[in-house]
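For reference, the structures are reproduced in the following blocks.
Below, chain A partners chain B and then partners chain C, in two separate complexes.
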Partner chain A sequence: MKSIGIWGWVATAILFVLLLLAPQLAPRLHLALTICTDVLLFAIAAMAVNLLLGYTGVLPFGNAAFFGLGAYGAGLSIQNFHVGFITSLAIGTLAGVVGALLIGPFLLRRRGIYFALLMIAFGQVFYFIAYRFTNVTGGEDGMNFTRPALEGFGIHLQDAGFYYAILLIFTLVVAGFWLLVRSPFGRTLVAIKQNEVRARYLGLNTDRFIFVALLISAAIEGLAGACYGLSIMFAYPLLLDWHQSGDIVLMTILGGAGTIFGPLVGAIIYVIGEDILSTALPWWQIPLGALFVACVLGFPKGLLGTALDLLPGRKNRIEPGHDLDFAAPIIADRETTR
Partner chain B sequence: MAHIAPEIFNGLILGAFYAVVAIGLSLIMNLTGTINMAHGSFMTLAGYLAFALIGAGTNYWYALAIAPLIAVVIGILMERTMIRPLYRRDPVYSLLLTFGISLIAEEAFRLIWGPNGVPFSPPKVLSGSISLGFTTFPVYRLFIAGALVVIIIALVIFLQHTRYGLRLRAAVQDREMISALGTNTQLLYMINFGLGILIAGIAGVLAAGMLSLNPQSGNSLLMPAFVTVIVGGMGSLYGAIVGGLLIGLAISLTTLYLPAASEISMYVIMAVVLLVRPRGLFGEEGIFG
Partner chain C sequence: MSDLLLEAKGVGKHFGGVHAVEDVSLRVHAGSINAIIGPNGAGKTTFFNTLSGFYFPDAGHVSFIGVDVTRAPSYDRVRMGMGRTFQTSSVFPELTVYENLAVGIQSADNLSFRFRTLSRAQRATLDQKVDRLLGFVGLGAVAHRPLAELAHGSQRLCEIAMSLSTDPKLVLLDEPMAGLAQAETSRVVSVIRKLHAELGLTVLFVEHNMRVVLSLAQQITVLDRGRVLAAGTPAEISANAEVREAYIGKEVIEHV
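Right, the complex of A and B next:
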């Protein structure tokens, strides 16, 4: 991967200035500040997908399990143990990791479409648990809770305060992600994505690398879910559903999997688009579905990915999905399953 | 015993539905690497088409034959125009595409036929109950059981004992070789996709009369069908049948004794099977034998 160069740093700086000014800018664009908060939350969630899809080459269609676990983890800990703001986020993050620890060993046995299929199926377990265990989770109705005070300060973060808290978390996640994908660990993940069989022959325990990537992804996803829970002060089973997974994967692909800021671009378009369309159209699932179709057929590399390809000297970018013969994942699966 | 027997029979019927849907899914998945998230939408589509045909005065039997065929035509159009360009790409793209199509379909059903579902009653001949000695049972369910058995037997014969089935299994193993030997693989993919949709469509019309017909009804069968594919072994015909029946029974019996765990039970089976046999009960994917 090439360094992003001076213009990359300038663009990143401009982006963060805009994000810092969002509470002032949003009203002039007739956007609610909660929409800006949602954009950042889902950008974090989509980055978790991006780590697996864009950099490791496995499809986490079922990531909403970790997202929802984060929301429930935060909600249940607030409701039952009256924990503070940061603790609830930490517990939500941990809930995502625990979910990944439980289903990860099953997923890791397979690759390619079989991994995707297992993840779709296992991801839905938590949905049914939340849906059925009514006395703990509130079942279909979901559970309400209040946003706790920030530890040490005793203040309740609201509106702009909450937005800046989420922006801080987003910034930390982006920085961590940036360092991660440039580290030897991140480079190994990309090697596994490009050719797992070869990576194994080089002596790498690819199962272990993918498992760690899954745990990191689930932690980020859980954190995003916990933030979302605190944002809407509510957790409900549909947060764990595969439709939620589909939305987050769409944001990742829409912006550009395999790019640092692709998930943010995808989240901006998706969240703002949803906000405008769902109030204007009762049948807004149709344009949403059409967006999936258009994105897959028209912009497989995502908006940011396509835009970056247009820049000179950027041809060696990581592809969102390897354009190999489709039998390759099946063959890779045969080689890696024992 | 008397109250378990009908539940066991219901479970087996439900399981046969899962098996039929799972076979269609894994036919498409194994040959072309496409996880067809819109499979449930085609079941719902066929159900609603049959409902519309019967509403327009067609009799049930014609509706049962025509509705799945219309679904097949739409499915083949979708395969040719949208899914085919994605065959050489990463599986994530076809999965997202079909997921998007299922969203569009669900909303379209809601717009056309309303959000709450429509009543779909089986024809007069098939209504009523029959006494089996120890218990009575609805005739329509017996009919469904018979029809699903016929579909499954027809599929086994078709895939294992016809030249087309032979080509299809060969193509799953080595696409390039069979293409070099003179089989039109693009046509094969199309027919294969159409076949998957056809059995989904027939199952959709049958299910409409037994379960319910609403915008999500097909999708509610999709998740157990995914689990069936995993439990049976991806690409195994007999695995899908055994896996489907096993899961149908498990869901039906847990609904009787422990309703809260009815959906969880299939995941417990899946987890146990994967621990013992990572490739599923009959697992050797891609072979379709």
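Right, the complex of A and C next:
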């Protein structure tokens, strides 16, 4: 893996300065601060997708199951046990992990498009559970709850305070992600993405690696969902739905799967694009859809991935997000074992 | 003869109604170079795949270092000391040569599940092991180039080095010379000789190139239509009338 170099660090620093100044800058751009918060929330969710899609080579098309579980985990724990801010986020994260523990063993039996379809199907199970268990989840109407006070300080984070809390979480996730994809585990995931058969013939039980990647992804996704629940103080079944999954996958691919900040770029374009376009056009999804099609056909590395390639001295840069292999072969020995 | 390393007994594998391999047995002794030859469609690669765990056989048994591995997953066989290459080079195309080798070395050193970057000492050990493999196959000059940018022969050499990265006792090479130019072939042949002579490894390979097989192998198994036609030393195989008629052109043998 090539290091990002001095300009990469400069660009990252500028990015974080802008994110720090967002509460001051947003009103001048006629953006609500909640939109900026949403950008960060969905950037975290898209990073969870990126770990699987961009670095492991599996297609998490039912990822919103973990996102929604995070929102419900936070909401239910606040409503029933009156937990604090951080605890509710921790419970939301845990809810995502538990979801992955339940469905992971089934997903791992397949690869490629079949993995994606299985994940959508299992994701819909959670959707219908939330939809049907009206007395617990409020069913179709969803459930309201209040944003609890921050443990130890007794303050209720609002507006800029809440934004900075989410920015802190985003920063921690980025740092952790950056370390993870550079670790032997992260590099092994990239190897599995490129050639799973070869990885097995290097003595690696690839199922185990993909399972752990799924658990980490679900934790990040659950955390993002919990943050979203606290942001809107509401949880509803559509958060678990496959449409929600599709939006998050779209952000990841748009920004650039296999790059650290691609998900943030995708989330900025999607969330702000939706905010601006949806007030102006009733058919706002069409231009976003067109951009997505252009991306998949013309820039499979996404906007950030393509932009990085255009930088001088990066001609031969090859990143793990290079190809989106939607029909990866299924391992032969799996076929005969099971 | 020395210790038995790999043994296949009565192995059979069919795909639907096609019996690709039927009742094939093979014994590979430690420290030997063995070849499997046969015409196209003889079941060489299928048999090879049952030995390495890519397929599980429908009949028969495979044992490796005295352990029955008939239905053991590929990664367990690798951990027991079996390395393999594929007919079409199987590598990580977008990773550099260094990284390709590092994946296997970290696997063998039980570092693949490490979530933090390597310590300075671990990094130094890894560098040292990668350098040794690079030197062995002569790819030091391209260590930091992605595999996709390299010539076919270099990719093949890298794949052989990858099969060594997990510290094997036995190396299975599936048509290591397939698709290589003359100069590349002789380079791969010399590497295989070094595997045996310098590292003391046991080698089993599938090959079409008769000249290579007769000059390299100590034991040869001839497959034809999924069955063993003959087995023996190069001299015995060259002299076998059945083999000569079924597979090997007379002139080839006279040339060697």
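Everything below uses one rule, namely that the second predicted complex is superposed on the first by the 311 of 338 C-alpha atoms of A that agree within 3 Å, B and C clash if a C-alpha of one lies under 4 Å from a C-alpha of the other, contacts with A are read in each partner's own complex, and residues count from 1 in each chain.
Just so we're on the same page, a residue touches a chain if its C-beta (ideal position, glycine included) is under 8 Å from a C-beta of that chain, and two chains touch if they have at least 3 such contacts.
Source: prediction; values computed, not measured.
When the shared chain is aligned, chain B comes close enough to touch A:V125, but chain C does not.
Residue by residue along chain A, chain B and chain C are tallied for touches, and B comes out ahead.
Residue contacts after overlaying the shared chain place A:Q244 against neither chain B nor chain C. In the superposed pair of complexes, A:F185 makes contact with chain C only, with no contact to chain B.
With both structures placed on the common chain, the touch criterion links A:N195 to chain C but leaves chain B unconnected. Once the two complexes are overlaid on the shared chain, A:I113 sits against chain B while remaining clear of chain C. Of the two partner chains, chain B is the only one touched by A:I253; chain C is not. Looking at the shared chain after the overlay, A:C295 reaches chain B, while chain C stays out of its contact range. Common to the chain B and chain C contact sets on chain A are residues 320, 322, 337. Listing the residues of chain C that touch chain A in their complex gives 49, 52-56, 71, 73-75, 78-79, 83-84, 86, 90-95, 99-100, 102-104, 106-108, 111-118, 146, 148-149, 162-163, 165-166.
Partner chain B is touched in their complex by these residues of chain A: 53, 59, 61, 106, 109-110, 112-114, 116-118, 120-122, 124-125, 128-129, 131-133, 243, 246, 249-250, 253, 283-286, 288-293, 295-297, 300, 320-327, 329-330, 337. The touching residues of chain B, when paired with chain A in their complex, are 29, 32-33, 35, 82, 85-97, 99-108, 110-111, 175, 223, 226-227, 229-230, 234, 260-261, 263-264, 267, 270-271, 274, 278-279, 285-286.
Chain contact summary for the complex, chain A toward chain C: residues 1, 179-180, 182-185, 187-188, 190-191, 194-195, 197-206, 209, 212, 316, 318-320, 322, 332-333, 336-337.
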